[in-house]
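The structures considered in this document are given below.
What follows is a pair of complexes built around chain A, which joins chain B in one and chain C in the other.
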Partner chain A sequence: MNLMAEILLNVLIAFFIGSLLFGLQRKVMARIQMRPGPPIIQHLLHTLKFFIKETVFPKTAAMPFYVVITLILMAIWVAAVIIGPVTHGPLLLLFAIFAIHKIVEHNAGSSSGSPYGKLSCVRAVFSAAAELPLFAVLIIIYLKTGTMDLAGIIAYQDAHGALLLSIPLTALMFIVLIISKSYYFSPFNITLAKDIISGFETEHFGTLRGFIMMSESITWYMLVWIFLTVFIGGLSPIGYLIGMVIVTAVIGLINAITPILNPNHSVMAEVTLAFIGIVGSIAMIYI
Partner chain B sequence: MDLTTLGGQLLGIIPLGDIVLYVTTFNLFMSVAALVFTVLIAMSRTEKQVEAQFGTLNDREKKVSKDEFKIRRFLSIICGIATAGAMITGDLFNFTLFVTLIGIVNIGIVSAVKEVDVLDSAFQYGIIAMLATLPLFGGAALILGTTGTLSMLEIVNIPTTAMMLFGSILLFIGVAGESGVAPFFATKAEMFRTAGSPFLVIIHLSSLLVIVRAIEILLIINKPF
Partner chain C sequence: MDNHLYLIYILSFVIGSILGLLLSYKKYSEPFIINKIDVLALIMAIIGWVLALNAQLIPAIPEFITVTVGVFLFAMVFGMRPGYGRYETVIGFAVAGIIWILRTVLL
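Here is the complex of A and B:
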């Protein structure tokens, strides 16, 4: 297939599947709480709705950063799709993309001038101290497999079996990171917590909000895709779909039965888990 | 092991005398990201922070004055260029210099703000950044003494020794202190409370990108295979 067509197809798949997975997560949470819950396509409709709404700009906003930051968020996750499903490139590059994602959260919050956004911005700075070490557990993969290349990691698992079985602590740490990025009532997602309305999204309206929500769906798809690829191996499209549904449903269950932690508790819990994950995994590899 | 194991395809080498820059997909992406943010910072206005006042229905606006805006924008641009340089350099000594420059301008970006809490935070961060220069340059010096070179293109082919491991640990402590990441983060968090969103983002950007690059450099020095 033509490369451009493949990129476009993969980005569209990431957006639609990511949106439906968020809808599924909300449905699972509702059923656990004995509610019917919204239809699974609700998150997708919610995203598309913003593209036909009026876009207004706060007079306090830092222009043009306030607008461009939403496009940067979109661009980095489209780049992640190219590095991941399309070319099976280096894992370190995905780590860099995640670091820039934290910067986008920071700036999307602070550029509006809203106090809610500003609080989300400060929380993004705090949470980066916890989420980056959690993403960094993927360095353990390098120690185990000798490569940072996704194609090489898939080949290693074809020969030696799934990494989920040989370094389960690392996989668990990555699941904690995925939980922190789940959209609805995550115990660790302090930047979008409801005590600060919608966090860094609060003052972005219309098309800009649509772009942010679209990017978040792609983010979810990509994080789950990285988890499945790095810890289970290269799967068929049906295998990926089943894996994504299972991971999303499990995280919906976790979100439904856990309290939303305050920023200090959330960051300390994540840092502690990252420390246990890194030290424990290195011990499992070398001892 | 070679550089492409970590950073993807080697796109090119730029020899500038003793300073050899190398460009992999990873380095190029991060360097371009730093430059894109720098251009946006140069173009962007600052936001106005609006806060509710107690006892009245009025709002209080916090603005950045013109003089403060000019000096902070200048320092932010220098910080962005230094970050882009740190992402792309192939020389360990240049990396440490860029990281030190990032630390200095980060303090400057915040010191221009006339708020007591923010200045306190900048002062504490400044002390840690100054202390961190010792392990930062000490680590690089140990690696130079052990390997005889500071070029990462050469270091990647030299087997790891205990002294290189020790040097890289010192280097990482230095980078963590200079960029103000955990466990030194508490000193820096207060700095983000002030107005001036475009200038604050470069402080965060430089810290995170430098840490990601430092991980690549540590893996280049300490080859597990």
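Here is the complex of A and C:
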């Protein structure tokens, strides 16, 4: 199969699976709260609905940045799919995409002119401190495996067993990162917390909102995909699907039973967990 | 499994779920019922799960077609409006699971 077809297939798979996983997350949370919950496909339908809604532009929007930022968000996550499932490229580039994602959150919030967007924009800068686990994960994986290439990490795990078992605290740090990016009622996701309505997304309507939601579905798929690949190893599609369902269900459980933290507590909790993870992991490697 | 087959199964699941959701809203006007099993949904769930998990039982038909049809059928029940189709899905999955164990482990 040629490269373009492979990319298109993987992006579509990431979008559909990511959307269904968000639906599953809502379902798990609803069942814990003794509600029947929405159907699994609700998030997907919600995303598709925006593509047939009218797109309006606020008077306060900073054009053309307001429009372009949604396309940049989409582009970086399509790039992540190319680096990840399609080519098994360098992990360093994937983490660079996470850093760009933070900048996009910041700019999407500020470009609309909405006060909720601006608060989300400020929180995006503030929560950059909580990206510490991300870089720690990267360094510890390099110390352990001697490579930052996804193909190399998979090969290392084939020879030495899953990294989840040898550096579990690093895996825990990555789980904290996944929780911080989860869409529904995450204790750490301060940029999309409900006290600021929908954060940086609040003033994006119609097709633009559809693109943002589509990107978020791909983001979720990629986060869980990276976790499974880096800490368990290369799996079959069915293995990935089962792993993604388990991780999403666990995150749904965590989101359902934890309070939504305020920005200070959220960042400090993440940094504390990162500190425990870094010290613990380095101790486990060298002692 | 090739990626294009994987995408076909996902699309089959999504289309089945949407159809199941629409039809179940037409069929049931109450928001939620408990302890009543819809026989038609049960038959669809059992056939769907059995086909999806045990496609090798029908060698005359290519496996991906059997799995696609199976996924479509069980998704129609799985995707019914909230509260409906849960018991049928569990029973269908259990029956298909027992057949899968009999086929692959015991026989």
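Here is the rule we use: the second predicted complex is superposed on the first by the 282 of 287 C-alpha atoms of A that agree within 3 Å, B and C clash if a C-alpha of one lies under 4 Å from a C-alpha of the other, contacts with A are read in each partner's own complex, and residues count from 1 in each chain.
By our rule, a contact is a pair of C-beta atoms (placed from the backbone, for glycine too) under 8 Å apart; a residue touches a chain by one contact, two chains touch by 3 or more.
Everything quoted here is computed from the prediction, not taken from an experiment.
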{"item": "Chain B versus chain C as contact partner of A:Lys102, first or second or both or neither", "value": "first"}
{"item": "Partner chain in contact with A:Ala269 - chain B first, chain C second, else both or neither", "value": "neither"}
{"item": "Which of chain B and chain C A:Ser110 touches, first, second, both or neither", "value": "first"}
{"item": "Partner chain(s) touched by A:Pro90 [first = chain B, second = chain C, both, neither]", "value": "first"}
{"item": "Contacts of A:Leu164 with chain B and chain C, given as first, second, both or neither", "value": "neither"}
{"item": "More chain A residues in contact - chain B or chain C", "value": "B"}
{"item": "Which superposed partner A:Lys118 touches (first chain B, second chain C, both, neither)", "value": "first"}
{"item": "Touching partner for A:Phe16 - first (chain B), second (chain C), both, neither", "value": "second"}
{"item": "Complex contacts: residues of chain B adjacent to chain A", "value": "5-8, 25-26, 29-30, 33, 36-37, 40-41, 43-51, 61, 181-182, 185, 188-189, 192-193, 197-198, 200-201, 204-205, 208-209, 211-212, 215-216, 219, 224-225"}
{"item": "Contact footprint of chain B on chain A as seen in their complex", "value": "59-66, 68, 72, 76, 79, 89-90, 92-93, 95-97, 99-100, 102-103, 106-107, 110-115, 118, 121-122, 124-126, 128-130, 132-133, 136, 139, 142-143, 146-149, 271"}
{"item": "Partner chain A, residues of chain C touching it in the complex", "value": "1, 3-4, 6-7, 10-11, 13-14, 17-18, 21, 32, 78-83"}
{"item": "Parts of chain A lying in touch with chain C, wherever the complex brings them together", "value": "1, 6, 9-10, 12-13, 16-17, 20, 36-41, 44-45, 236-238"}
